[in-house]
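Below is one structure. I have some questions about it.
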């Protein structure tokens, strides 16, 4: 059984079709890079998976349970259960600016799962250490660099123990140096067998860390395969053009 | 005026301080939550509630507070016996009028604060599994409050000065005692004393809000 | 525009509620006066019950005639008629008179400072029993109040600085002349033939007379038209280098205003004042405040 199963996904904004027909699945342990030109619908697709956008048609199943089936949404409780299995990291971090790093991590856990304060604090420290931020647990977000913020955001998502992590261009707001530290954390997660779906422009990450690549173009997945296949022998001219431009 | 006269006049003016402080404290405590409630209701999914709240804010902000006080104090008691009993005391009318009026201003301030909260904050809350109430309480409210704080400071300083309006419904406060002292002594020095009293009050207020702003900075 | 429009509605609403109030109280007035009438007709029917009926009618009349507490509405910045002492106690000529009246009529006395601009509303909404504060009897007052006859004479006089070259009313031509807004001094000035020749063709208006007199001292105006009672008190009490011209603007009188329709209270108060005058109490109060026994004349 696949962790995520997507079929015939359609989505438009005010009459403009952003996703025309998206089909793919994510299996346990997969690290999937979603690449493609701007406006291809990569972020929209990711946001549909975690219910930040409503689809117009198609099916999304999470661990066998439908979130939306043939365009009809499951009851709210089931939708929450499905999305609860995923964690999400945004391009602009979206940390809570009024809370310390510690509270950023513990607040959702305590409020959503009712975890006790001590347990939440211990888990926060452990998780922060994983992303190399253990020493900044009492810092306020405004004092952190972009890379540090993104690492905290990853830790915050991990706190809720998701089965799948979604990354929406996690390094696009960062300069190259900071990008490296965030990619390092993601690479470590992959090594720990976290299932990940990453929308990215970082071709090196796609090439070296991902085990599969989805190339999206014009609202659909044009080509899918291992990094060797996509980078080495692209089937479509569009894929080749995109990669050619990007590698230059 | 001699020093002893100045002291006596100051003492006389300070008798109005209780009114000012009572008004200030009660109105702040009542109008801040009420204002927030209005802000929330103005975002309600039921359209008639939105219209009502917006009309309320529109009227309260669009008309002079003094006329509103007149309306409550002189007008409402004629509507029925309930109002006649409930609004017997001029102070009750003043507290009611000020709270209702300031709630409308605070509602607008909070609305501005809400607009300043990034859409991403709501999305972050959603993907973390926080429900609407939790999102409001733990993420939106604190950020909204921080943005609204300077405007709240501004309004509360205005409130202190606005309390002089209550004389229009026959409540004694600092400025009225100052007027009485001016006509008794034939000197306008009592106005200067009132000036200093208001300034001192607002200095304390300013200090408090400065401290609060520092404390809630992030 | 919207603000004006809305406050217009509010004012209209206020006015409507005030008018309905007048109507409502008038109807209760007439219904209460019909009660003793019906009881007196009963009296004629059965002579044997005369005593008890008389008792009943007197019981029915008394509470409607006089309130338990007599609330005197005043602008407490009008020495010596009604003002505040250093401890914010309200004192003055009118206060002493009213206290004596209350003692005579068995009412509790209360002085309530009000916003002078809102005095009609205060009276019509029964928040005060009367306006008694050196109130100049003016034309048309009988239509909005139940007025007593005059109890004191007052004059509208012209106050100038001691050193001023103004000696007579005629000298006011091309001078800046000031008065308190809405005052009878202003009204007298506007009626006077000199008004058209003063500087700017209009009086300079102030919130109260102290502000006007302060500007006189500063030199922002050349003369102030105001009540002689207050002017004399102010100049003497504060030893100001000012003088009152011999030329008067107008002569007028002070009266007491009651709510339209409430003749019972007015007549009771006036009756008590007449008794107090006969007892010499009024002369005593006059002497105390003016060093003259005959300043206050009841009737």
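Each chain carries a letter (A, B and C) given by its place in the written order, and its residues are counted from 1.
In this section, contacts are C-beta pairs under 8 Å (C-beta built on N, C-alpha and C of every residue); 3 or more make two chains touch, one makes a residue touch a chain.
Not measured: the values here are computed from a predicted model.
Q: Report the chain closest to the protein's overall CA mean, measuring from each chain's own CA mean.
A: Answer by centroid distance: B.
Q: With centres defined as the mean of C-alpha atoms, identify the chain lying farthest from chain B.
A: Centre of mass proxy via C-alpha means gives A as farthest from chain B.
Q: Can you compute the centre-to-centre distance for chain A and chain B, using the mean CA position of each chain? Integer Å is fine.
A: 47
Q: Centroid of chain B to centroid of chain C, CA atoms only: how many Å?
A: 35
Q: Would you kindly tell me how far, in whole Å, the mean C-alpha position of chain C lies from that of chain A?
A: Taking the mean C-alpha position of each chain, the two centres sit 81 Å apart.
Q: Sort out for me which residues of chain C touch chain B in the complex.
A: 2-3, 6-7, 10-11, 13-14, 17-18, 20-21, 24, 76-79, 83-88, 112-115, 117-118, 121-122, 124-125, 127, 208-211, 213-214, 234, 237-238, 240
Q: Tell me, which parts of chain B touch chain C in their complex?
A: For chain B paired with chain C, touching residues are 5, 8-9, 11-12, 15, 59, 62-64, 67-68, 70-71, 73-79, 90, 167-170, 172, 176-177, 179-188.
Q: In their shared complex, at which residues does chain B touch chain A?
A: For chain B paired with chain A, touching residues are 118, 120-121, 123-130, 134, 138-139, 142-143, 146, 216, 218.
Q: What residues of chain A sit close enough to touch chain B in their complex?
A: 50-52, 80, 83-84, 86-88, 90, 92, 94-98, 107-108, 111-112, 140-142, 156-157, 160
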